[in-house]
Amino acid sequence: MRSTDGYVKTIGETADRLIYDRDRTHRIGMPEAVFCLDKSVGDVALIVEHLVSSGVGPVLFTRMCQLQYDAAVNRSDAPLDYEPVSQTAFLNGSMAERNAHVGIVAAGTSDRPVALEAQRTLQFLGIASQLHIDVGVAGLWRLLDRVEELRRERVLIVVAGMDAALASVVGGLVGCPVIAVPTSTGYGAARNGETALNAMLASCAQGVVVTNIDNGFGAACAAARILAAT
Amino acid sequence: MRSTDGYVKTIGETADRLIYDRDRTHRIGMPEAVFCLDKSVGDVALIVEHLVSSGVGPVLFTRMCQLQYDAAVNRSDAPLDYEPVSQTAFLNGSMAERNAHVGIVAAGTSDRPVALEAQRTLQFLGIASQLHIDVGVAGLWRLLDRVEELRRERVLIVVAGMDAALASVVGGLVGCPVIAVPTSTGYGAARNGETALNAMLASCAQGVVVTNIDNGFGAACAAARILAAT
Amino acid sequence: MRSTDGYVKTIGETADRLIYDRDRTHRIGMPEAVFCLDKSVGDVALIVEHLVSSGVGPVLFTRMCQLQYDAAVNRSDAPLDYEPVSQTAFLNGSMAERNAHVGIVAAGTSDRPVALEAQRTLQFLGIASQLHIDVGVAGLWRLLDRVEELRRERVLIVVAGMDAALASVVGGLVGCPVIAVPTSTGYGAARNGETALNAMLASCAQGVVVTNIDNGFGAACAAARILAAT
Amino acid sequence: MRSTDGYVKTIGETADRLIYDRDRTHRIGMPEAVFCLDKSVGDVALIVEHLVSSGVGPVLFTRMCQLQYDAAVNRSDAPLDYEPVSQTAFLNGSMAERNAHVGIVAAGTSDRPVALEAQRTLQFLGIASQLHIDVGVAGLWRLLDRVEELRRERVLIVVAGMDAALASVVGGLVGCPVIAVPTSTGYGAARNGETALNAMLASCAQGVVVTNIDNGFGAACAAARILAAT
Amino acid sequence: MRSTDGYVKTIGETADRLIYDRDRTHRIGMPEAVFCLDKSVGDVALIVEHLVSSGVGPVLFTRMCQLQYDAAVNRSDAPLDYEPVSQTAFLNGSMAERNAHVGIVAAGTSDRPVALEAQRTLQFLGIASQLHIDVGVAGLWRLLDRVEELRRERVLIVVAGMDAALASVVGGLVGCPVIAVPTSTGYGAARNGETALNAMLASCAQGVVVTNIDNGFGAACAAARILAAT
Amino acid sequence: MRSTDGYVKTIGETADRLIYDRDRTHRIGMPEAVFCLDKSVGDVALIVEHLVSSGVGPVLFTRMCQLQYDAAVNRSDAPLDYEPVSQTAFLNGSMAERNAHVGIVAAGTSDRPVALEAQRTLQFLGIASQLHIDVGVAGLWRLLDRVEELRRERVLIVVAGMDAALASVVGGLVGCPVIAVPTSTGYGAARNGETALNAMLASCAQGVVVTNIDNGFGAACAAARILAAT
Amino acid sequence: MRSTDGYVKTIGETADRLIYDRDRTHRIGMPEAVFCLDKSVGDVALIVEHLVSSGVGPVLFTRMCQLQYDAAVNRSDAPLDYEPVSQTAFLNGSMAERNAHVGIVAAGTSDRPVALEAQRTLQFLGIASQLHIDVGVAGLWRLLDRVEELRRERVLIVVAGMDAALASVVGGLVGCPVIAVPTSTGYGAARNGETALNAMLASCAQGVVVTNIDNGFGAACAAARILAAT
Amino acid sequence: MRSTDGYVKTIGETADRLIYDRDRTHRIGMPEAVFCLDKSVGDVALIVEHLVSSGVGPVLFTRMCQLQYDAAVNRSDAPLDYEPVSQTAFLNGSMAERNAHVGIVAAGTSDRPVALEAQRTLQFLGIASQLHIDVGVAGLWRLLDRVEELRRERVLIVVAGMDAALASVVGGLVGCPVIAVPTSTGYGAARNGETALNAMLASCAQGVVVTNIDNGFGAACAAARILAAT
C-alpha cells in the first residue's frame, strides 16, 4: 500500500460520505466489521468518531493496531473494548449471546494471534469457544489426548501455519464442520502462509473448507453462519 | 504425473495390500471416496473389482473418466451408476436419504461439470439439491430474480471461475453458510482457476469459505458436515 | 530498490542532463508527469528546481511523499499545489478545463488514496469528476442505488482491491468505457493487488480494460485519451 | 479443465435451463457473446441449436474451434458465418454498421489470430477497422513509416507478445485511446503471455489500458464502448 | 522441451562422443544413472547400445517409458530388466547386495509409481526394502498400527502428494533419518507437487530432508549414502 | 496459444502484407530470422514460398518442426537445408564465412537440441564452432580435462538445465565472454528451465550473461555481435 | 505476520497452557526446540521463564534476536548461553557429547549465519563439526584443495545461496550423505533463496537432500538422525 | 535475510579464515569483488581491514551502504574511494586503463543508481564510458537523436525497468553487443524488476543478453570480458 501521510487532514471533509452498511445484520445475520489494516491512523479515529456519533449498534474492528486504538480513544473517547494480541475492538458492546459453542485448535504459540482473532470475533457474535494451543502434529499425542473433547464440538476452527498438517489430521478424526485457517508463520518455503493455504486446500481429509491466510475473523463468521443454519 | 504404462500388470500382485478405510463413516459420517484422476485405467478397474468382492457398503468414485469406467465394467461387471459429465460413479448404491437440502449456484455453462460433481456427491450422501446455472454477475438480474429462493436454503454452494465475483455477491445477500468452489474455466489471467480461488479467499463478503479448484466433491462433503452438525 | 543515500550530492552535477519531454503534450495531448516513487528526496527537489527555473508549463508529480514535498519546497520555494492523500503535486498550475466529466467508483475507504490520485490527475488535465466511495458489492444496494447516476457518465473509473468484484458488476450494468484500477488493499490471497488485477482482467463483463495496480494516474490519463477522442 | 466426455448426452435434458442474457444490448450496447473454449463440442452444438430456435438477434461466438463449428452445423444447419483463424462465428448476421473506425496494430505474424479476433468482433459490432501486421519494434522503421496513418485513428488496438515493447512505443507516439492486448506467443521467459501482460501494465507510456492475454474480443468491446461514448 | 523429431538420425554420428562417468562408483559409491525423460526414443536406444558394447558394469535407467524400452530392445537386444510402473531398467544386473534395509511409506495408491522407483533403485543398489502403501493421515490408525514396525528401520522414505501431512506425522514419531519425497498427485492447489514439496520443507518435524518432486530415485540414492556412512 | 485450424486458407489473401525486414543485415549485421514455433504449418509454407519468390538473401528458420518443413517443401520445392534435431533450416544458403570460432559447452545429452540450435545458427552466420557435450559438474573431471582447450576460445556458450551449475564453474575458469543458455530439461523443481535461468542470472561468477530458456539462436546471435565488435 | 503489540500482557494468563513436548527426546532422540522468529519479545521471555521454572532438560532456542535474548535475561535471569550471529541460545546446557563429527561447507561469508546455526545446533546435540567458509565454485581451487579432507567426514552440510552450484559440485565429489541448505543471500533472480532451493532440488548430483531456506537447524537435526542411525 | 546483530563480535575470531581469491585476475582478467549487501556493517569493516593489511591489489566493493563505508573508515582508516549513489568503493586504486569505451543507456532517472554502478565498475576495470540517461521510449526522439552516437560504441549497456522496451528498440538499431540490465524500478506489475527481466529475455531483438536485476556490476564485467576478447 502507498503511504498515506496526511490522510487525516482530508478525510474530515468527506467523513459524512462513508456508507456504513446498517442493513447487513438484517441480510446476513452479522453487522459490517471495520477492517483497519489498510487504513491510516487518522482514518480509523475518524471512522470510530463517526460511528460513535451516529448511534449504530455493536461494531467490531479487526486488525486495529495499538496506534490506531490510541488515536481513536484520544479523539472521541470512544468506549472501545480493545484486545491487543488479536488486534480487535468492540464498539458499543457485542451481539446477544447464542446457545452455541465452537472449538478452536491451533498448532503452536505463533498461531495464537490468529486463533485469538477467531475467538474474539466469536465472542462479539455471542458465541462461546474453547481454545486448544500447541497441539501440532510433531507431538501427535497432544492432539490425540483431546480427540474425544473435539468430537463433542459442533464446529471446529483449525489454525496452523507452515505444513498445516494439523488440518488434515483433525479433518480425518471428526465429522463436524472443519474450518481451516492457514497462518503466515514460518519462513522460506512456508511462503508467508501460501504453503499452509495450499496444503489445506489440497487436504486429503474430505470436506475441510478454508479461509484466507491469517483470517481468524472470517473463520468465526463462517462458524456463525453454520450455527445459525442449524 | 508420470505415465503409468503397464501399471495394471503389477498392481494385481499387491491389490490385497490396499487398505480401504472402512471405519471412516463411523468416524466422520462419510465413507472414503476413490479419487481416480491420478490412477491408471487398470488400477481403477482392479480397485473396483477388489471393493466389489470384499463387500463394502456404498462407495463413491470421483474423476472417473469414461475409459476407467469402461475398464471397470469390463473386468468385474460391477454395478456402477456412472454419470459422465460429473465423472462420478456409485458402487453399491448410495447412503440413506437425509431430510436436508442444498442450493448450488453456478456462474455459467462452463462451470457445470463441477456443479454436477457437487450435486452427484450430495445425492450419494443422501442429500437433495437444486442447481441454478448461468447466473453470473455480468447479467445481475438473473441472480437477483432468485434471491428469495436462495435465502430459503440452509447451505449454498457457489461455483464460479474467472473473476469469481458471484461468490462475493451471493455472500453479501444471504446469511446461510456459503461454500465457494473456484473453477478452472477461463484463460490467461484466470490462471487455471487460481484467480477465482484467490478472489474467493479475499472476498469482501464475510464468512465465505473455499475449497480447492474444481472441487465439487469437497464442497458437497463440507455441506454434509454442516447439515450433520445441525 | 537499492537505497540511495547520498544521491543528492551527485545529481547536482548532472541535473542539466535530464531530458524533460517538452514535446509530449503536442504528441499525445498530455505533458510528461514526474513519478517520484523510486527517486530520492534530493533528486525530486533538484528536478523541481530544474523545472521551475527552465520555465515549462504545468507539470504533475505523482507518488510524491511528504518528505519529498518538504525538501522541494525548502530548496526552491516552488509553487507546488500538494495533496497528501493522493500524493500528487501540481507545478505551475494545471491544464485548461475541458467540457468533460468522469465518474470514479471505489469499493471501500482503503481504496481512497488511489481514487484520489485518479481524481487529482483528472483535475490537472482539466477534467471534472465525481467520486463514489464505499460501494463494494458486499452491500450491493449501495451500488444499485446509484446505477442511474453512473449510467449518465461518459467514462467510469472503477477502483477496487481484494476480489475486485465491483468491476465486473459495474461492467455489466453500464455501456460506457469502464477503466478498472486494481488496488493493493487486502492481505494473504489478495497478494498485494495481483488477485484484483487478475480478476479484473478475467472479468466476465465484456470490454472492461485494466491499468497497473494502484495506478490511478494511468486510469485518469486513459480517460483523458478517451474524452479527447470523442 | 476436466475432460467432459459424454457431456452432450446430459445437456439435452437441461438446455432449456440456459439463460441467455437477452437484455444485455439494452443495458450495455452489445449482446452477450458465447465463449466456446471451455465448452464441449456437444454443448456448443446444443447452444447454437437453442439460440437458432429461440429467435434471438445477432450472436457472436468466440474461440469456436473447427470441431465445434462442424458439430453445430451438422446438428442444426445453423447459418453460421465462421472464420477459422480468429475462431469466430456470427449467428443471424451482425449488428448495424456504425460510422466508426479502429486501427489494429500487431507486432508479428504469430499475433495475427488475436488481431483477427479483434477485427472480426469489431465487424460484428458494426465497426470497420484497418489491420497493420509485422510492425514490431525490432524493425522500428516499419512502425515509424505508419505513424501519420495511426494518428488519424480514433482508437488503436495494439497486439503484441513476448516483450510487448510495441505498446509503449505506440502509446508514446499517439494521443488517442490505446488498448493493449498481450498475446501468448513466445516461450520460456515469455511465460505464456504473462510477460507481455505485465510489460503493458507497467508501460512507461501514460494511459495505455490492457486486456487479458489473447483477448482480442475484449479489446474490440472496449473500443466499441469508447466509440459509443463519443 | 522442444520436440525432437528426427533426433535419432543425427545422434548416430556423435554417439562415440558421449562421456559416461565410469569413475563415479569409485568417487561416490554409486554408478551414473541414465535419466531418460528428456531424451528421444532413438537417443535412449543408442545410449543402451553404446553401453552394451562398451562393457560397463551395472547401469540403472530411470524414467524410461515403454516406447523407449521397446526401441532399445529392438535395436540391441540388450538384456534390460524393465519394470513398467516405476519406469526403471537394469542393464547388466545390479550392484552387490548390502546388509541394509529401508522402509518406504506412501500415502496413497497414486503415489505408488514414485515409491516403486525408490524401491527399484534401492534394489539396484543392493538394498532391501519394505513398502507400506495407503497409510495417509486421513485414516490415521492405518499409520499408527505400523509405528513400531517403522521404528525398527534404519532409514525411512516417505512418499506423499497433496498436503504431504504424512511426512510431518512420521517425522514426529521416529528418530531415524526421514527422506521425504513429494509427489505430483492432486490438482488445483496441489500445484503439480509444489504444495507437497513446500509443506515437507516447512515441516514442523525437525530434521526431515526433502528431494525433488517425484524423485524416488534421489531418495533411494540418499538412503544409500546414509547406509554407506554408517 | 490458441489452435489455428484453417489458418492456411486465409493467410493466402494477406501474404503480400508480410513485411520482411530486408534492411536488418545493414543495421545490425544479421538478417531477420523466421521463428516458426507459434506459426501454423500452412503459414510457414506460405512464408517460405513468399521469400523464395521475392529473392531475398540467406534466411534462417528456427523452431521449424518436421511437419512445417514437409509442408514448405511440398508447396514451393524450396531449397531448404533442414536439420531436424536443432529444428533449423537455411533458405538460399548462409552468410559468408568469418574468421571466427566459438566454443559450445553442454551439460548433458538432453541439452543437445539447444546446443545444436546455437551451432547451426553460428554456421548460418559464417562462424565455426566446437561442441563439448556431457561435461556436467557431477563428473567434474570431464570439464577440468578441457579447461585449456576452452581457454583458447574467444567466446563460450554454456548450455545447461536443472541446477545449471556448469555456467558458474565455467565462468570462474575462463576470462572470455560467457553466454549462458538455460534449458528446459529436468522436472519438478527444475520448473521448465526457470531454475536454470535464475541460477545463471544469480551466478557467483562475475560477468556471465544469459539468454532466454532454450534460446540457442539468441546465444549464437550474441556471439556474432561480440565477434563483429572485435 | 501481524504485529503483536501488547502480546506480553495477555500471554501471562495462559502461559500455563503451553504444552512443551517433554517426550520428544524419547521418541526421536532430540528435544523440542523453541523457534522464536514469529514470537513476540514478551512471549519468548515468558516461555524461557516457564521452562526455567518447570525443570526441563537442555532446550535449544533458534532465531532468537538480541531483543528477545535481553528480555528473557531481564525477566528470569535465565542461564542462557547465547550466540548472536547464529541467533541461538542453550538453556540448561546441552546434550551429552557423541563420538561423531560433521563437516560444514559454506560458499561465502554471507552464508555464515546459517552455517553457524547448523554448527551451534550440532554442538547442542553433542556433535563436533568443522566449518569451511568461502569455498564457492567461482574460485574452484578453494574447494578442490579440501576434497580429501571433506571425503573423510561421515556427513556433510553444504550451505549456499544464489546459484547454489556448490551443492552439485560437492555432491559429485563425495559419497557420504550431503545435506544441502539453501540461503536467502543474493538479490533479484536469487529470489530470496528460492533459486538456490530449486537448484539444489534439481541438482545433477544424485542423492543430495535439501532443507528449507536458511534452515541450518534442520540440517543439523538431519545429521543427528543420520549419525544416530549408524 | 536473518538479522545479524552482534555479527561483529564473532567474525574477529575467524577473519583469518576468509579466503580472498587472489588468483582470479590471473584466471579471468578481473579481481574478486566484495559484495556487501548481505554482510553486516561490522563484517564489511573487518574485511576491509583484513584486505588493507594483507596487501592485495585494487579491490572493488559493491552495494556498500553509507553505514558500511563509515564503519570501514572508522576502523581501519582505509583509503576507500567511495561513491554513494552507485554504492561502490575502490580500495587501493583501480586497474590499469585500457584503450576501450562502452556506452551506457538508461531509460530514466530512477535507473541512474544501477547505471552508475556499471559506470563505476567499468572505471575500476580501466574502461571509459559515456552515460545517456532519460532516453526511454515514451519519448522516442530522445533515443533516435543519439542513434549515430550509439552506433559508434563497441559495447552498449542498456539499463531499464518497468516494461524495459528500451532494450528491444536499441537492440534493433545497433549491431554491437547489447547487454541489458533490468532494474527494480516501478510498482505492481513491474514486480520488482521481474517484468523488465523477462521482457529483456523475451526481446524481439536478436542477440540481446541479460544480467540479473539491478546488476550494473555484472554488466560491466561482461563488457570487460567482451573488450578483452577483441
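As written, the chain order gives the labels A, B, C, D, E, F, G and H, with residue 1 at the start of each chain.
The definition used in the following text is that contacts are C-beta pairs under 8 Å (C-beta built on N, C-alpha and C of every residue); 3 or more make two chains touch, one makes a residue touch a chain.
All values derive from a computational prediction rather than experimental measurement.
**Q** Based on the averaged CA atom positions, which chain is farthest from chain G?
**A** For chain G, the chain whose C-alpha mean is farthest off is D.
**Q** For the interfaces B-D and E-G, which has the higher count of C-beta pairs in contact?
**A** When E-G is set beside B-D, the one with more contacts is E-G.
**Q** Between chain A and chain B, what distance separates the C-alpha centroids? Give it in angstrom.
**A** For chain A versus chain B, the centre distance works out to 28 Å.
**Q** Distance from the CA centroid of chain G to that of chain H, rounded to the nearest Å?
**A** 33
**Q** Return the distance between the CA-based centres of chain B and chain C, expressed in whole Å.
**A** Roughly 44 Å separates the two chain centres.
**Q** If a residue has to touch 2 or more other chains to count, which residues of chain C qualify?
**A** Chain C, residues with two or more chain partners: 24, 138-139, 171-173, 184, 186, 188-190, 197, 201-202, 206, 212-215.
**Q** Using the contact rule from the top, write out all pairs of chains that touch.
**A** Result for touching pairs of chains: A-B, A-C, A-E, A-G, B-C, B-D, B-E, C-D, C-H, D-F, D-H, E-F, E-G, F-G, F-H, G-H.
**Q** Please name which positions on chain H make contact with chain G in the complex.
**A** Counting only chain H, the residues touching chain G are 1-7, 9-11, 14, 17-19, 21, 23-24, 32, 35, 37-39, 43, 47, 182, 184, 193, 197, 212-215.
**Q** Going by the contact rule at the top, pick out the chain E residues touching chain B in the complex.
**A** Where chain E meets chain B, its residues are 63, 65-66, 83-85, 87, 109-110, 112-114, 116, 133-135, 138-139, 141-142, 161, 184-190, 214.
**Q** Sort out for me which residues of chain H touch chain D in the complex.
**A** So the residues of chain H touching chain D come out as 107-108, 136-140, 162-165, 167-169, 171-173, 186, 188-191, 194-206.
**Q** Would you mind writing out the residues of chain F in touch with chain H in their complex?
**A** On the chain F side, the touching residues are 24, 27-30, 33, 154-155, 171-179, 197, 201-202, 206-213, 215, 217-222, 224-226, 228-230.
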